[in-house]
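Got some structures for you, see below.
Look at the two complexes coming up: chain A is in both, with chain B in one and chain C in the other.
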Partner chain A sequence: MSAVDSPADVPPGSSPATGATASGAVASSAVASGAFPGGTVSPGTVRRRGWRSGRTGRARFFRSELRLVFGRRRNQAGMAALAAVPVIIAVALRVTDGPTEAGRDPGFFSAISGNGFFVALAALGAELGLFLPIAVAAIAGDSIAGEANSGTLRYLLTVPVGRTRLLAVKYAAIVVFVATVTLLVAAIGLLAGLALFGGGPVTLLSGVQVSLAEGLLRLLGVCAYLTVGLCALGAVGLFVSTLTEQPMGATIATTMLAVTSFVLDSIPQLDWLHPYLLTHHWQAFVELLRDPVAFDALRPGLLSAAGYAVVFLSAAWARFGGRDVTS
Partner chain B sequence: MSVFQTRPALRWLVPTGAALAILGGGAAVGTFASAAEPNLPERSAAQLLVDLQTARLDGLSGTVIKRADLGLPSLPGIGGRGSAELTSLVSGTHTLRVWHAGPDKTRVALLGTLGETDVIRNGKDVWIWDSQANKAEHSTLDGQPTGRPGHLPTTPQEAAEQALAAVDPSTRVSVGRSASIAGRDAYELVLEPRDATSLVGQITIAIDAAEHVPLRFQVVPQGTSKPAFEVAFTQIDFERPDPAQFVFNPPPGTVVTEGARPDGKPMALPAEVERPTVVGKGWTSVLVAEVPQLAEVAKVAETDGAEAALLRSVLGGLPEVNGAWGTGRIVTGKLFTALLTDDGRVLVGAVTPERLYEVAQSTR
Partner chain C sequence: MPEVAVRSTGLSKRFGRQVAVDAVDLAVPRGAVYGFLGPNGSGKTTTIRMLLGLVRPTSGGHALLGRAMPDGAAEVLPRIGALVEGPAFHPYLSGADNLRRLDAADRTADPRSSAARIGAALDRVGLTAAAGKRYRAYSLGMRQRLALAAALLVPRDLLILDEPTNGLDPQGTREVRALVGALAAEGVTVLLSTHLLAEVEQVCTDVGVMHRGRLVAQASLAELRAAAAPRARVSTGRPAMAAQVLRELGLAEVAESSGEASAALGAVPPEKVVAALVHAAVPVRGFAVDAPDLEELFVSLTGEGFDVSG
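And then the complex of A and B:
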């Protein structure tokens, strides 16, 4: 399979082609960016004492991975789309002069006309339902399957980079990406909101006012909490990505898992299942906007995210470490 | 590690083990917590009743979970999880946060998914704050408690008080097994109606062994063991909360409405409806109200107006019943039965349908 779209000097794959089509995706990875000189292919064996083991090698691998994630046009376009949502929200509410009647709209939209700070929260709340999970699924789904699909995975492993370390670096890049997009949405929302509506003391859900500085601190807390939750989805995506050589398939499967979780979460008859759902605790970020903050209420979300991450990262390790890499 | 290299299939033991450990561990903690029966010195039901009434509560704060599964037909706009509206308390699961520092300083916050409704009492001032509508309602008390919709108990205390008011010769009172609630040891007081026509199987009140404060209140319908209504602390702290907790200043931009709430009548009844009468006493009392419009709707098949159409469509879905008392439609929940007769009467009670028919016959 890889012979279809690989340079001529690639040794033919040792396993039968599985019908993957050449995707024409940007040849990914460190090989293309020159971070890894070619090495001897020794398929099947994984050497743990890696090439240039130690901190420099690891840092370099990680850096090149970050360059890969943030340097790709499609990822940049995706981030631009995520950043556009808060701007659209702010402009739309500005143009329409905000809701005239204090209705029961979801989220923090009604508070925006009074304080631009809430654009960030409204945008995070709105994107949490689909956009952010899709972005995470796209990056996580692409992480292993994308390399396999473009025929670069075997080179990465021949370098030789231990498979466990490869997974660790891939996941670290996902975590950095998640934190970046969450902060990006919040920051753009904050800028757009403050520019169009002005700032001021923040009214919390409990009807208590705090200074803008404390509001920003709480917003940072919200971003951190959401990052943890989305990283659990990233772990699931990484696992799915090790199952296939089609990055698109992994992305769609991960997105569907997230959406299924949302759907199950909205069926009241399944309330016994809700605490176990991946997305169930995400909305708990609003706990940070009450006064006093009950950190107890955040614990289930953090524990559930940690549980998901442990199970799916170890599953990814089991799958990836045990499989034959043929592309 | 080398085993994993030679036998890659063994690697799957790690995620499987992790999943089992997490799920099993979580379940085990939950089971142990609920199955734990703390060893407490024996106390009679009467002593517990006295404990309840004499409990000196300096202050507390905590989180309360309220579950109501009354078997109501699901109606749009009522109940549901995550709603921060006070009327939604009728059904579904809700989380409340409570602060209490003496009888004139209380605050109850109903937590919604993206909002919050607070009822704050500080001295004579009562504030109701609705974060989603950005509205605040202020009223001044002259010794009267606030009217919450339907007077649904929001704290275990309130619930226990209402239940204790019903303790009379019609009730069997006993001590159940001790329990551990919100990490505290508690006695359990069990109230059972003696009358078999009551739909209530038993009411249990868990009382903190040290502070004598009710920690959990459950209503179990006749013939089941699963509570249909439950109010319980999931976390409690007996420190007196900070007085600042009870100060409410409406934030700028809030719509503030002033005025006392209509006394005693939480929801305004239409003027045409006569004051309802109560038939019977205690657990099996039945509320009888005359609603002439109901008869009209039943008679006139083609009444105009969206309201009548809606009413008809709702009524049409209810099972029809008839007997010596006439004909009508019946609503059965787990803890109550309501009978809407075609001659325009509404009978409601926590009793079996048979008892309602009896009352319908006798009040014709």
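And then the complex of A and C:
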């Protein structure tokens, strides 16, 4: 600390990257590093100021966010639970040997004994009622509130991560998570179904038979449609997450909003309200299993989801942009 | 590069009806180690949060490294390392992974040197051995060190450290103070908040004193020490006579009251004053040299001790 040669003309990092500056920083920090035992290198000596690449920077933070979401044990356990449902469905139907409740639309369960392909659709349909919304609510509710709760939010913001950028990265990670779990349920359902019941040409709801390959393509379409719908719920969850420092509270509130939407959707007297409900159009994914595909029937769901996403992402931005971060 | 690293004018924050920070005019000279001193609850952390753009001021403004905030945040914050109200990291990630995440979030950091910089930062705070351990298993001292490592991930022009020695054992405290000294020697400006006067006396060149949301004093330590110069105090029945002697000796700031005369001692040796008084036949009842230490000075500014919650 006392023997630094020329600290005054080498403010580390304050001047453009030149060889002289870099070596000056090395020299001064090497002298000064006795502060902690074993310290020999200044943390910044290898950094070159002036390096700028917003694009790579954003991708790095986004990748870090994905690692955070998918690396967390709680989330891995949740994904395992989601993946277990199609296996349970397939095994249960295999053990009980055939359906008893035939003719129920969309009738995926009754079709399973004939073709394992339908396990994927049955599982998606079943999990859409609660499990998938809970998973989305858990991730979205945790997004901002979790960082606020652990205090990491203040450190991210002072890095700095702009608040708009943080919301964008958080939402992008939610979208990736939603797509992943939807595909995961479909893929596990497909594997379990094909293993236990075998595959073959797929008989669509309209009675037309298509190849298994086309069936898979339509299954991908179903996943995409459900991803869009669930991402709207993710936007709601992101907004709720900006309101609190309690991630659990945000998750529960988001789940309750989804469940309330289901309940309202099941009350016939409220049919005027149904088209505007967040979850109303989700079951329309079955339209992808008609021939030809009823794209007109998918449009309201996509528009509704886009509307919800725009409104709640804007609300999240407005709320979070000016909020005092005191956690 | 401006001569003032941190400047605020009339910076104020009201939470509801409570005024947390009241018209604070900070001026942290470039290259200084500025001790931001005040009892707990005096508004230091709220001020720091406002400086970093986490909390929006109710009124007033500030500039960091010559750039007005919050407009200059994206440009100026990468040059600032901060420790705000204790360490905070993801508990289920290792120390190194937590730093990796913060580095990834920094758009201005070069990803190619990321691993080397993280290793060097951990090394500098003595955490290399615990780098792979989960954060939740860290002791408070290790957590504090990790937060310091995060502040040192890239070269900084300004460090804003809120109570950096909190929770550290005496050895860790010494190491952090030495680190702050080393960084200052490299030319980094440091704003260090603390409620420990000893910390200010040991590492700071400048000091600002917060009390109940107001900045009640701000000066370089040298100026304060001069203000705290020793005074000679004479108890006597003839204060006017004593004051005359003190004046003749060339002492400044001569004051007299009933039963006492006093003056700033300056460079005059006390024994010479006593001899002069006796020589002039002043009836001296008592003679004392009062050298108020910084603590007395600060207590007189804030009206209370420093470990007391305000």
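Structure notes:
The rule we apply is simple: the second predicted complex is superposed on the first by the 266 of 327 C-alpha atoms of A that agree within 3 Å, B and C clash if a C-alpha of one lies under 4 Å from a C-alpha of the other, contacts with A are read in each partner's own complex, and residues count from 1 in each chain.
The rule we apply is simple: contacts are C-beta pairs under 8 Å (C-beta built on N, C-alpha and C of every residue); 3 or more make two chains touch, one makes a residue touch a chain.
Every value quoted in this text rests on a predicted model; they were computed, and no experiment measured them.
Of the two partner chains, chain B and chain C are each touched by A:Gly322.
Touch criterion met: A:Gln209 reaches chain B, while chain C stays clear of it. In the superposition on chain A, A:Val310 makes contact with chain B only, while chain C stays out of contact range. In the superposed model, A:Ser150 lies in contact with chain C only, and not with chain B.
Of the two partner chains placed by superposition, only chain C is touched by A:Val161; chain B is not. Between chain B and chain C, more residues of chain A are touched by C. Look at A:Phe61: by the touch rule set out above, it reaches chain C but stays clear of chain B. Shared-chain residue A:Arg72: touches chain C; no touch with chain B. In the superposition on chain A, chain A positions 46, 48, 322 are in contact with chain B in one complex as well as with chain C in the other. Interface residues of chain A, counted against chain B in their complex, comprise 46, 48, 102-108, 110-111, 114, 125, 201, 203, 205-209, 268, 271, 276, 283, 286, 290, 292, 294, 296-297, 307, 310-312, 314-315, 317-319, 321-323.
Touching chain C in their complex are the following residues of chain A: 1-2, 4, 7-8, 10-14, 25, 28-29, 32-49, 51-54, 56-58, 60-61, 63-64, 67-68, 71-73, 150-152, 154-162, 322, 324-326. The residues of chain C lying in touch with chain A in their complex are 1, 31, 49, 52-56, 73-74, 77-80, 82, 84-93, 100-102, 104-111, 113, 116-118, 120-121, 123-126, 128, 149-150, 152-157, 175-176, 178-179, 181-183, 185-188.
Interface residues of chain B facing chain A in the complex, by the touch rule stated above, are 1, 4-5, 8-9, 11-12, 14-15, 18-19, 22-23, 63, 80-82, 92-93, 97, 109, 111, 113-116, 118, 129, 131-136, 235, 245, 248-255.
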